[in-house]
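Heads up, the next two complexes both have subunit A, just with different partners, subunit B and then subunit C.
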Partner chain A sequence: MGLDYQLVLWNKYKKAYDKIIIISMLLYIILFAAITLIFNSETTIETLVIRAFGSLAIIMLNIILIIGPLARLNSNFLPILYNRRHLGVSMFIAAFIHGGFSIFQFHALGDVNPIYSIFTSNMDYNSLTNFPFQVLGFIALLILFAMASTSHDFFLGNLSAKVWKRLHMMVYFAYALIIAHMFLGAFQQETSPLTIGIMTIGFFTVASLHLITAFKEQKIDSMKMEEQEGWLKVCTISEIEEDRAKIFTVKNQRVAVFKYNGKLSAIHNVCKHQGGPLGEGKIIDGCITCPWHGYQYLPSNGQSPPPFTEKVATYQLKLEGDMIYINPEAFDEGTEVEPCNY
Partner chain B sequence: MEIIINIFLLILSVYFIIGLLFGFYFLFRGASKIDPLMENTKTKVRFLLFPGVVVTWPFLIGRLFKSKTP
Partner chain C sequence: MTSGLRKAHKFIWLLLIITVPIIMFFSVKDLEFFTDKQAKEMSFELGDYRIVATDENEVLKAAILKNEDSIKIDIEIKTPLKASSAEVYELNQNKEKGRFLGPMSKAKTYSFYLNNDATGILVFDTLKGTEITKLIF
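And now, the complex of A and B:
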């Protein structure tokens, strides 16, 4: 960790990902403009910008919301998860251009304050087909702004993890507002069926992936483990991949059993940073590395290597032949436990 | 409905105005009191943090007060 805050903690992967993000966004806008102008050559440039960036923003938001569950289902997606932050900020910029142009085109020309005009130019709040959908977009944009502007590590530390997490969970509320914004808006504008189709597919993908991961976790939690003289039967050695873990629930606590270097260790599955699932991470440079933001813990004692001071609880394992057993009583956080050799 | 809209927008603008004022004080003075890393942080990074401070000032003010009365 440095002694001051940097604009961005760069590494070569982040730069590569950012290039991909920017190039894809530009390509999308160009493609969108070309297709619109071919099929609908009367479209004004303002409308084009509004539609291109609005649809870009919602597509990016769908991708952002899909990355979380995808990374939990398949660890190949983990690198994208680590880089989700910049995707989020880019999405906000796209949404901001869309909102800004809309305000400029529809609300800035009268003598009423443009923000006031979003809320009052159409007072049909009781109607479904003529609802002032811009209001929903505006509130969603405020939430996205709050998230994008607090995405720097400074806020993670200084708002406390709990507040920060709550703030960023509001993305789901913003998502709901935007879906409503699109559908209520589509009744009034001649939005193409293609746009609606893509958005619907996006919504169902997001929803079903979240349900699948929730179901999978539920299965882990409700799994019954055989007991034998106070020890719980976990699984066989070969069921765990090298440098990875399997997650089990003992005494209502999730525990990650790691396999590395011919050894086995078990620690509490919950990262001290923001509760990331340690058992979905990998062992990197001898340390269990959290899949969410990369905090590290030594497998044998659950402690972050110095100068860091985070500690998680550890568990005793034992082997009988090929079968791993766990003592369901957790040790205190940071307790050294001799790993099981096999 | 108009009354609700007016109240909502009034609260919103007051919130942001306080945030703007607090933001300057916090980033150039207050922040290093609660976060030692801020002491050597460059001006451009402070400006990057600015919008976030404007949004979350109620939480940061709370932290500032706590740090003064240990």
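And now, the complex of A and C:
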């Protein structure tokens, strides 16, 4: 992994992003409080906290969820993707304050355990409009907690990438729960077409961005290439930019063909960290650098430079005149392949 | 992402874009702002009941409905009540707080069976112990 890449290229931005996150959150809370107090001065401070942090959390979750597809559609969003994790943890904190205050205000004053009270104070589980919506919020909060507390890369290695990815895909389930939490809860009591409208538009924006990207990606996956005696025709040398790659689908796998220093190399497109698209990264200091979080791989053998140990599969290329061909059989991860000179 | 992960993501979002709007629709379809003025006038479920009286004040609108063997009252709350624990009571013959009918808070139509001798209804804030509104037939 590219330690200095992160230090040199990203870190000063990373700190700036963190500052932006914190300042924006504070501004939102202050603004929310000011507007509420002006228009509805009887609101209690608990209600104010519950509403301000609840709405902040859902707004942040919507933003978090559109970063992925936006970065796929437009690479200008990549730096935000890099910092998405901190946004996620901050969102969890906002949701936690909201949930915590709600439990305190609505459930802590009775004589039963407050958590037990969330599930039992309203047992109208058959009703739609009087559904115990707080239960939905509670389950969502548990999922967000599991994600936030395992967000560090330490757990990615410890839980295995597959388990970690599964856990983090639960965010979609949590998202649905939270929408139901709002629609069956707050929106039943405060019927405002404005907030309902905003949340509805928010959901459709998020969902359609994901689906648009999914269908676009599917097209790339089903791309067919011309075959010639076991080799697949890729493209001409001039179609690839210097220090960059073009991505092709070979036997259902995406492969990135890089051009650098008069040489061509091909590696599997999927980063070992969190599956970032290596072919959308650049060659920096002689290493293919993942656009998502900056893991690095040597183009000739798909190995991360020492002391790191990540390895991706490599592929063999050949040149006929200006045309690049690829052997669709992948080599084992980390296999050294002589780059094609041109 | 690998192609398997991409498929999983696509499947999840297809599922969400179908199920979430259904939840959204059913949870808001009975909310007040969907009924226009005319629908509001007609919003009481009649069935085999006849409307024998209607009344209205700034907080609620009520209709007394009768059929062969029962009397009921439909109460429509026009704006959400500020009180967090509002309850409706029958007014007895002496126009005093009588039988407890049920809780109410949201802006929607509630339906309760009445005793034959009821003379009105009272909406009461149980936390503060104050009257929110009263309707005498």
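Basically, the second predicted complex is superposed on the first by the 306 of 342 C-alpha atoms of A that agree within 3 Å, B and C clash if a C-alpha of one lies under 4 Å from a C-alpha of the other, contacts with A are read in each partner's own complex, and residues count from 1 in each chain.
The rule is short, and it goes like this: contacts are C-beta pairs under 8 Å (C-beta built on N, C-alpha and C of every residue); 3 or more make two chains touch, one makes a residue touch a chain.
As the structure is a prediction and not an experimental result, all values here were calculated from the model.
Trainee: Would you check which partner chain A:Thr150 touches, where first means subunit B only, second means subunit C only, and both and neither mean what they say?
Mentor: After superposing on A, A:Thr150 lies in contact with subunit B but is clear of subunit C.
Trainee: Looking at the overlay, what does A:Phe32 touch: subunit B (first), subunit C (second), both, or neither?
Mentor: neither
Trainee: Of the two partners subunit B and subunit C, which one touches more residues belonging to subunit A?
Mentor: Partner touching more subunit A residues in the overlay: C.
Trainee: Please work out whether A:Ile115 is in contact with subunit B alone, subunit C alone, both, or neither, and reply first, second, both or neither.
Mentor: Only subunit B; A:Ile115 stays clear of subunit C.
Trainee: With both complexes overlaid on chain A, does A:Phe96 touch subunit B (first), subunit C (second), both or neither?
Mentor: neither
Trainee: Which subunit A residues contact subunit B in one complex and subunit C in the other?
Mentor: none
Trainee: Okay, in this complex, where on subunit B does subunit A touch?
Mentor: These residues of subunit B touch subunit A: 1-2, 5, 8-9, 31, 34-35, 37-42, 44-45, 48-49, 51-52, 54-56, 59-60, 63.
Trainee: Using the touch definition from the top, list the residues of subunit A that touch subunit B in their complex.
Mentor: Residue list for subunit A touching subunit B: 2-7, 115-116, 119-120, 123, 125, 145-146, 149-152, 154-155, 157-160, 163, 167.
Trainee: What residues of subunit C sit close enough to touch subunit A in their complex?
Mentor: Residue positions touching the partner: 1-3, 5-6, 8-10, 12-14, 16-17, 19-21, 23-24, 26-28, 30-33, 80, 82, 105-108.
Trainee: What part of subunit A is in contact with subunit C in the complex they form?
Mentor: 42, 128-129, 165, 169, 172, 175-176, 179-180, 183-184, 187-191, 193, 196, 200, 203-204, 207-208, 210-211, 214-215, 217-218, 221, 252-254, 270, 275, 277
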